Amino acid sequence: MTLSFAILAGLTVGSAVAAMSLRNLVHCALGLVLTFAGLAGLYLQLNAEFVGFTQILVYVGAVAILIVFAILLTRGTEPANEPAAVSPWAGLPVAVLAFLAMAAAVLASPVGKRLAAPVPEVSVKTLGQKLMTDYVLPLEVLALLLTAAMLGAVIIAMKDKEDLQ
Amino acid sequence: MLGTGILKGMVETAKNFAGSYHDPERLTTVEYPEQRIAPKENARQFPMLIHDTEDPMKGLRCVACQICEKECPPQCIYIVKSKDKRADYKGQMQFYPATFDIDISVCMSCQICVEVCPFESIKMDTEFELSNTDRFGGLLIHKEQLAKSNEHYRKIHPADAAASDAVLAAEVAKAQAKAKADAEAKAAKAAAEAKAKADAAVAGTVPAPATSTAPQPTSPPAAPAA
Amino acid sequence: MAEVFQAIDQFPVTLKTWLLGHAAGVMPEWALPLLSAALSITPILAVFPLLFALTTVIERKGLGRIQNRRGPNRVGIPLTNIRLAGFGQFIADGIKSLTKEDIVPRSADKVVHFLAPIALLIPVLLTYSVLPFGRNMVPLDLPQTGLLFFFALGASTELSVFMAGWSSRNKYSLLGAMRAIAQMVSYEIPLILSALTVVMIAGTLSLSGIVESQAEVRFGFLHSWHLFTPWGLVGFFLFLTAAAAEANRTPFDLPEAESEIIAGYFTEYSGFKFAIFFLAEYLGLFAMCGLGITLFLGGWLPPFKFLGFIPSWCWFLGKLVALILLFIWLRGTLPRLRTDQLMGFAWKFLLPMTLINLFVAGLWHLSVTSVPMTVRWIGGFALLAIPYWLLGRGFEAKVGKREYRFAN
Amino acid sequence: MTPLSGYLLVSALLFCIGLAGALTRRNAIMVLIGIELMLNAANLNFIAFWRFSEHPETQTGLMFALFSIAIAAAEAAVGLALIITIYRHFRTANVDKVEAMKG
């Protein structure tokens, strides 16, 4: 385990805990951003530069902004005197049990001890060529999904305006 | 077409840019503390008090009537009337301001004090370099600083000062005419009384009334246009 | 003679290698990469903030001249009468902002309020690490993802803007932040799409690779800058427009529209934090200009081959200064847009134009061998000019002749 | 060099933090954030397995991660649009209070 991995993992997990446990929703969103950035750092450690920077571009640049906008548009939904979470005993044991099961599986498996192969020769060019040949169908479906999502988001968010008229 | 307006505007600003270097006439500003633009005649900043004689404190036209204090919209004038009286420019005995303060941090230069002053005493100054490190005491201007000579007023607002001088001259003339008429009337009355006495002494008749013989004072001169 | 020019050209690289070579004997092994990084970072941290400082003075002087004023011309060397034509102004401004009181609103979110300027400056500074400033002068050459790195960091500044606006607990700040985010998200798409044409033609995301793709010499003297193609010319101006919006420059400076919302998202910042926002904004603009130079203006390449003796980094800096002056000129010329005009311009004009430009670039690339040059040029321009005219007409139709109801 | 299990443990931890948050928080946006965390944990798994696989040159894990990032973006957009609509309708984003369909 290298120092950089320890720092990045600590940052990612710590900020994820912060993102899930803080009271203020905007603080939660900012914690989430830190988690995304830490994950991008982990991707870079795994020699997945392209995915790492895409992660920052999409998650930090777009998804986090969306979440922040949604928080501001639905402000005042959590009264101060009301607890932010339902009784923690409902969800926490499930999560802890799930983690224990997964950790046991990971630690028991021989795959987990595997060390990385020499740095693979990945170029963006081959990635693009693969997208246009082997993965062209998923790509097209994804394009359709994104278009549908965009239209859907616009229509859902606009619906009430028509009702008002 | 989209974009032609932008290009036109850029040509215009480029002309300004280059022009301001080779043609100093274009520059609308001057380098202030060293160079100054002569103030416009109708410029006004804050009020001042006009005095006529050499000693500013003795020659103030202000008679502490306190009209300006009452009329001032932001209430920035503070006057204390004197206990004693002194002769004004007409020789009439008048009060004078023991204290006359203007808070120029409050004053809004509206000139209403000037409009209401019946004694041509408070006028607007053009002095604007009044910045001060003391924001409370330093901006409260006392009568010593407010007092400005009539020559100063003539220099900064010649037309207004001429009009103001004409009004004062008319006042003086009126006062003198009245004094003269009073003196004449008095003299006539005295003469008539003397004559009546003499007549009574001579004929023993009732003395005739000596009223309405004094000449009426001339009608006041039309106020010169400001 | 050529050796001398080359030595000047490669002087920064030689200096760094020389210093590293000497340090290798003195310093422990693990410290060498750190020293190498520091040696790469130092010139960036020295040159660009200095350029920022000079730009603030030049901008104020230039704007003054455009408005027939003199601009700052007093501050020179203290205690003497030497004025330096006002170029001491930035030092005075710096000292002023350093010594000013740092005011934090009582109800502000103190931690986020403190972190926002830092979170804005760091990504902006990091974008400089992939720009090729000269031949062999890239601090961090990412052969696979250089451009993506730049855009990823550019996108992460939006969040810092939000942090600043939200944490101030001020309506103007929040409004400014919302405007800034909406604008940056909208203009990021045309920005990336206009840069994508170059990636398509050059076939690489590496910025030094993109510069090298423009090194080919045409007609014996002209370097094949991407600007010298129909799609490159149009793409460059689309890129500049989107870059101006990304960097919040006039006419797209609505987030800081002082006539409406004071100073936008940094209304509640004062002293040094304000200076950091100011610095980050200008550094962001310079980085955008640097990217535009790399993508379309041949990076550190001279326009003509016979001018190659001038050092490569001089070319980069010269082009950068020229673009900065262009932005100052634009600021002196154009008024600010309205919010709906801003959004309409991004989605109804820039986005379709960049998409068409992408298509034209594809056609250009495919017709390299088969179609004669003149036909490609005329065809490319026709394909771009007709939509430009149509879209621009639709855009202009809304700004009809103004009618004054009471004045006439 | 960190072995595969390190990345997998981080990923499992992230997943469980997201799960706990999604199960316990009342606000719909927080639930969505929890789901985003779980998606990201899965992504980290894809990348880690790709890097440690015997044939990284096939790039399958990378592809999957890229696709999942794109889908997550779409999911966030639609999810947040739904939350905003629900908020407009019920004046709350609290998932416990939105019970119009409750019998």
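Note that the chains take the letters A, B, C and D in the order they are written out, and that residue 1 is the start of every chain.
One rule holds in what follows: a contact is a pair of C-beta atoms (placed from the backbone, for glycine too) under 8 Å apart; a residue touches a chain by one contact, two chains touch by 3 or more.
None of these values were measured; they are calculated from a predicted model.
As a whole-number value, the distance joining the C-alpha centres of chain B and chain D reads 81 Å. Taking the mean of the C-alpha atoms as each chain's centre, chain C and chain D sit 35 Å apart. The distance from the centre of chain A to the centre of chain D, with each centre set as the mean of the Cα atoms, comes to 5 Å.
Multi-chain contact residues of chain A, defined as those touching 2 or more other chains: 50, 54, 62, 69, 122.
If each chain is drawn as a node and touching chains are joined, the picture is a simple open line.
Counting only pairs that meet the touch rule, the chains in contact are A-C, A-D, B-C. Contact residues of chain A toward chain D in the complex are 1-2, 5, 9, 12-13, 16-17, 19-21, 25, 28-29, 32, 35-36, 39, 42-43, 45-48, 50-51, 54-55, 58-59, 62-63, 66-67, 69-71, 73-74, 77-78, 82-88, 90-92, 94-96, 98-99, 102-103, 106-107, 109, 111-117, 120-122, 126-127, 130-131, 135, 138, 142, 145-146, 149-150, 152-154, 156-157, 159-160. By the touch criterion stated above, chain C contacts chain A in their complex at residues 109, 112, 142, 144-145, 148-149, 151-153, 155-156, 158-159, 162-163, 166, 174, 178, 181, 185, 188, 203-205. Residues 1-3, 6, 9-10, 12-14, 16-17, 19-21, 26-29, 31 of chain B are the ones that touch chain C when the two sit in their complex.
Residue ranges on chain C touching chain B, taken from their complex, read 62, 65-70, 73, 329-330, 332-334, 349, 388-389, 391-393, 395-396. Every residue of chain A that touches chain C in the complex is listed here, in rising order: 24, 26-27, 30, 33, 37, 49-50, 53-54, 56-57, 60-62, 64-65, 68-69, 72, 122-125.
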